[in-house]
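There are two complexes below, and they share subunit A, which is joined by subunit B in the first and by subunit C in the second.
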Partner chain A sequence: MLTRLSGARIVDPAHGTQQDVRDLYVRDGRMVDRPRDGERIDRTWDAAGTIVMAGAIDLHTHIGGGKVNIARGLLPELGRQHSLAATDVCGACTIGPAPSTLATGYRYAAMGYTACFEPAMLPVNARQAHMEMGDTPIVDKGAYAMLGNDDFLLRLLADGANRAEIRDYVAWTLHATQAIGIKVVNAGGISAFKFNQRSLDVDEAHVHYGITPRTILRELARAVHDLGVPHPLHVHSSNLGVPGNVDSTLATIDAAEGLPIHLTHLQFHSYGTEGDRKFSSAAARIAEKVNASPNVSVDVGQILFGQTVTASGDSMLQCRNSRHGRPPKWVVMDIECDAGCGVVPFRYRDRDFVNALQWAIGLELFLMIRDPWRVFLTTDHPNGGPFTSYPHLIKLLMDRSFRNGVLASINPEAAAMSALGSLEREYSLHEIAIMTRAAPARILGLEDQGHLGPGAAANIVVYEPHPDPEVMFATPRWVFKDGELVAERGEVKTVICGAIHTVKPDFDRGIERKLKGWFEQHHTQSLSSFKIDDEEVCECGRAPRLAVHACRARTA
Partner chain B sequence: MPLRGATCGFCGLLCDDLEVEVDGAALRVVRGACARSEAALAALGAVVDPVPRIAGKPASLDAALAATVEVLRAARRPVIGGLDVDVAGMRSVLALARRIGAVVDHAGGSIKYRNLHVLQEFGGITTTFAEARNRADLVLLVGDGWWRRFPRFVERILAPNGTERRIVTLSALDPATRLTLPKDADVLALDAPLTGMPAVCSMLNALVEERPVKPARLAGVTPQALQRCAEWLRAAQYGVIVWSAADLDWPHAELTVQAIARLVRTLNGTTRFAALPLAGSDADLTANAVQTWQSGVPLPASYANRSVDFDPNRYALRNVLARGEADALLWVSSLSGAAPPPVPGMPCVVLTRADVELDTAANVQIPVATPGIDAAGHLLRGDKVITLRLPRLREGGPPAVSTVLDLLLARLG
Partner chain C sequence: MSALKFVLRHSPPSAVDVSGLRPAMLAGKSRKEIAQLSLTGWNEVHRVGDLFAVRGDDAQRIVIDGADERLVRIGAGLDSGELTVVGAAGDYLGESMRGGSIVVRGDAGALIGAGMRGGRIDVSGNVGAFAGSGRAGTLQGMAGGVIVVRGNAGDRAADRMRRGLLLIEGNAGDYCASRMLAGTTVVLGRVGIDAGYLMRRGTLVLGRSPHELLPTFNHNGWHDLLAIRLLLESLAVYGKRFQSFARSRPSLSRWLGDLGCDGKGEILIAPGRP
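Our next item is the complex of A and B:
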């Protein structure tokens, strides 16, 4: 089966900056550069006058796992306000800040996204995360397993374990939970909270294990790097949301000692303490450091005004920040000697000084960090706002006069404290395509995603140009996933199941002897119950395919 | 006789350390036994070749499915109840509910809602089994039935390790239960009757919040014991409050759950405390979790009018039946062995555990596999975080719930 898409302007940054008008060819779900001699073209899509990009990739969106489900259960009123009626192909479900998995898949696909990555999969909750992702239709999925607050690793580090042992444990976790990366959330802090420590700075010792977040960050970044896992250690820094946390964020960058790290939802970690209210933007300091540190990539976690719900593994900070939550009901959990979670609803208001400044700080980061290959478009869905607001966010980045118009309408004190009004940069289509396609594919090691070259998955998004980028990005004319038309002008046409993306680095399985003893002594399930094999993850995740991406170990 | 490792799905603890002797159809737990697993395995082990029935008479699966399609096609307001099924079964239940526009509710929905109601109004601070097992230096037990409902809770969560634990029993316990408590634990027994739980929990809140109250003798508990209990709570490093919502069986029991949640939140102001509501039996958490993630709202829910809606009163199965708002009942049950509520005159299709014999013949009865016995399946454990795979124990046996419902869906077109 050969399909041609003709006459579109192609924006494909993985293959250079030229945006020429040319035909694209798809054979059996994959891009090919041209038909074979004499090969019949089965179907042609006339895309004259359109702009075409590869399917978008969200590398940080909370789409699977217990805490989003807690958020749904906590806030049924939000679900009831945002009902989505069934169509011929879609099931009845609800959307809103804590959308159902069905609505998540439908809406992502309709917006031109073809792969989504759950950033905070608790190893003990991995099966449920894969199940929820399995019930998230159309898009491909993957997840980062959370380490760095689990008692096993903290015990290893406290006992001065050698790097090989830590590396084996990290690799074992990737295999056992079917993950594509490793995330650390408030390194050591979630565990410290279980011992009633209420804050933990980068160089402060964990009250029980005596080790610091700096050690945890360095050792995990090292292990991920040495194993050759493509995605650098994904870091949710210490002190989320705390005024003055710029210092711990800069210290976190230093803790990596030059090894690759990815700082997530950086907006929540870029706060100073200047001004009468002791809350200010530190985006300039952070951006300067990121610009000067080629080992660092970031995603922003932009906030957008309105009701949402925050769902995080960071029980320590969610408990601390719960007093700001609206409506005033919240959940905090200590979880299974493994991690924790906290779910706190938030209503970000443009007239509120802090919220308005948070909004401006996120945009400052986007505009001050120069390299679009190292800064990714996220709202930390749903924490800064639901993913459905991405087209609006793209407009804020591409249209300075629109941005300044919003700036003029927010809390004036916050607007006055922000440098945003003076930032002239406007993102180009090429840069948007980098930060939403080419760059996330590259940093995740997805060789066949995020571009339109031969061999790539035929994930193609056809946009109709429009003076308003929000309109253009909200409802592409056509979205093809693996060559199949899945959405047209915002309407889902076909519901398919996406693949699961993982990595499986080599390691010494001898680590299981130690783990088995640990499980028997401390856990309430056996080691064999914990592990998820390939067949099981595909069943749980309804995946037609397990895409295992290459790791190139960097140690002997 | 072959011994097989097994994970037991007959309560929310999902113990995965069982060894079961399989002798043909017969099943015997030789390691990790408890009263619940022994009873269920004995009942299931005694069944040979269960067959579908139409109006009480043996029939082929094919004929039973055809009869079910007839019932469902004729129904305008179908309701699906039971729902003690594994994840795959629940996925199929929901696909069917969307297809036929059904109301869905779990058999234990009103019990589960005692906790869920408080979550939705107040939130909560909770913990899980391994946290309680390894960290708790004080455990407060509320209610008197948790021990029968979760028979190995003491053995697996409370008793192990050398942790020095204080234990407070708020409710009167029968002597047998008391004997199972860890022998080296420091126990404070308040022994209030169940009817006294609301008053005692409120008073404990007042005491830990240091409000100006003078506890009188309350629900048979002395003021000294109440004060002592409050002191213990405040002195704990990591305290855990345990209850089973099924024990709190009185009108507006959610107010007692809320008093517990508040107590936990207050204590967290100075030390660490967490709730551990014991649940997950009969797959109540499994059914609710799958419904919640797929649709965005919990159970009970309606899929009528091509949309989904949640309402804990309007769509509660017993209310729907009592108000005459249903015209067909599909009962789907694979774990508990529970029979459907009587629905005289209403068409009724029953998918049940293989050993269930109905008092009154349903229009159609189809035996289905029990997860962890005749089919593999996934269940969500009682602390709401861990999902375990229950491997299949024996060959043969009836088809899984998901298999039956998927065949049904294919026939409905």
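Our next item is the complex of A and C:
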């Protein structure tokens, strides 16, 4: 079956900066260059006058893995305010800050997203996470396994294990949990919290294991790099949300010692202590460092005003934040001594000094970090705001006068402390396409996503140009996933199941001997039932296929 | 004008939200228009006319006849008018209602009057769990109005109740008045275990002694306070059993708790066999 999409302006940054008007061809769910000689075109979509991009990729969005389920259970009243009845195509679902799995898939697809990555899958929760993601329709999924607060790794590091052993354990975790990357959340801090430490800076020692977050970060970044996993270590730095945490963030970048790392929801880690309220923007210092460190990529975690819920593995900091919860209820818990979990609902208010400044800091980072290949558009859904606000965020980036209008309406003290008003940069369509398509695909190692060249998955989003980018990005005319029309003008047309993306680096399986003893002595389940094999993950994740991406090991 | 009557033709395959059948939604509409309105079920949408035979024309007086427990949220959000249910009512009867009255000739399901702020609900039969409480996730339960249950109530009656009056002629289940914040609940019959569990403030009047009270309630003595007498006399308008309870002028044993939280609540127990 050959389909043609004719007459659209193609914005495809993976293949250069030109935006020419040309026809696209899709054969059996894949992009092809042109029809074979004499091949019949089965269907033509007239896309004259439209702008076409590849399907967007969200590389950091909490869509599974337990936390969101806890948020759903904690805040059912928010879902009830936005419930949608079943249609011929879709099941009944609820949207809002903690949308149901169905709504997550539908809304992402209707907005032109075709792949989403859950950033905080606890290895012990991996089965649940894959099931929850399996229940999220249409989009492709993948997850980063959380390490760095688990007893096994901390013991290895405390005992001075050699790098090969750590590397094997990291690789074993990727295999066992069917993950595409490794994330570290408040390195060592979640564990330290359980030993009664209430903060842990980059060079502070864990009272029990005696190691510092710096060691954990360096060794994990090295292991991920040596294994050749495409996505660098995904780092949620220490001291999230604490005024003055800019120093920890800069120390975290240094801890990587030049190895690739990805700093996530950087906005929450870019705070200074200047001014009367001892809370200020340190975006300029962070941006300067990121601009000068080509090994660093970031996503912003922009906050947007309104009700949302924060869900994080960082129980140390969520415990600290729990007093700010609105409505006043929260959950902070340990999960099988593997890591933690904290869910605190938040209502970000534009008249509030701190919230208004957080909003400005996020935008400062977007505008001050120069290379769109290294900064990604996220709200850390749902922590900074629900993903449904992405079109609004794109408008803030693309339209300076709109941005300054909002700036004039927020808490004036915060507005006065921010450099945002003086930043003239406006993102171009090309740059938006980089940060939402081409760059996330590249940094995750997804060879066939995020571009429209021959061989790519036929994930195509057809936008109608509109002077208001929010309107344009909120409701694309057509969204194709693997060549199939899944959404039209914001309405879901077909519900399909997306693939699961993983990596499977080579490693020495001898590590299982050591792991087996540890599981028997300390764990609540056996090693064999802990591991999820390919068949099981596809079944419980309802995935038609497992997309395993190549790793190029960097050591002998 | 005669009452607008909805006669259930057949039991729907799964629960259907019938909160649309209330005066504010139906006033000024013809029977034909009403029959075309849609009602949402879990995974299907029904036309009013498919589920019910529609008769009468006075949208201020609505009767749902032959109701069964699959009709949920009857009278939810009601703010005026009268609604009569003949048969069984499902869950969430009168949820978030602000005014008007609902009379059920039969039993009702769980969460009747959840989050209610005004108006009155009368149920001739039994009701399920969480009567006069709040919907899941909300921090406060019923915050105004009156609920009268002639039969028994299930567990957790008056959970998180904030204001208003919940009157139960029969028995109530376990954890009656749990997490109660304020307001008044009266149970003339027996209560199950742990009445007043995590009660912060409010008044729970029991017509019969419970088998056991939580250890976090302290005895405060026997009282024949004027305030209590006025309270009981004010209940006389809600039926003969409340009237005779008030006339018996019981001297009440007063317990304060739950000391597990604020401990400013009271349980007033009439003398009598457990």
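One rule holds for everything that comes next: the second predicted complex is superposed on the first by the 556 of 556 C-alpha atoms of A that agree within 3 Å, B and C clash if a C-alpha of one lies under 4 Å from a C-alpha of the other, contacts with A are read in each partner's own complex, and residues count from 1 in each chain.
Basically, a contact is a pair of C-beta atoms (placed from the backbone, for glycine too) under 8 Å apart; a residue touches a chain by one contact, two chains touch by 3 or more.
This structure is a prediction, so every number in the text was calculated from the model and none was measured.
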Determine, for the superposed arrangement built on subunit A, whether subunit B and subunit C clash or fit. clash
Return first, second, both or neither, reflecting whether A:H62 touches subunit B, subunit C, both chains, or no partner chain. neither
Give one of first, second, both or neither to describe whether A:K329 is in contact with subunit B, with subunit C, with both, or with none. both
I'd like to know which partner A:M131 touches here: subunit B for first, subunit C for second, both or neither. first
Looking at A:L74, would you say it contacts subunit B, subunit C, both, or neither? Reply first, second, both or neither. both
Partner chain(s) touched by A:K194 [first = subunit B, second = subunit C, both, neither]: first
Considering only touches as defined above, state whether A:A86 meets subunit B (first), subunit C (second), both or neither. both
Which subunit A residues come up in both lists, the one for subunit B and the one for subunit C? 74-76, 80, 85-86, 91-92, 329
Subunit A contacts subunit B in the complex at 66, 68-69, 72-76, 79-80, 82-86, 91-96, 98-103, 122, 124-125, 127-128, 131-132, 135, 151, 193-196, 319, 329-338, 343, 522-526, 529, 536, 540
Residues of subunit C defined as touching subunit A within the complex: 40, 42-45, 135-139
Complex contacts: residues of subunit B adjacent to subunit A: 7, 14, 16-17, 87, 91, 94-95, 98, 116, 119-131, 133-135, 156-157, 237-238, 268, 271-272, 274, 288-290, 292-298, 303, 306-310, 378, 380, 383-389
Give the list of subunit A residues in touch with subunit C in this complex. 74-78, 80, 85-86, 91-92, 327-329
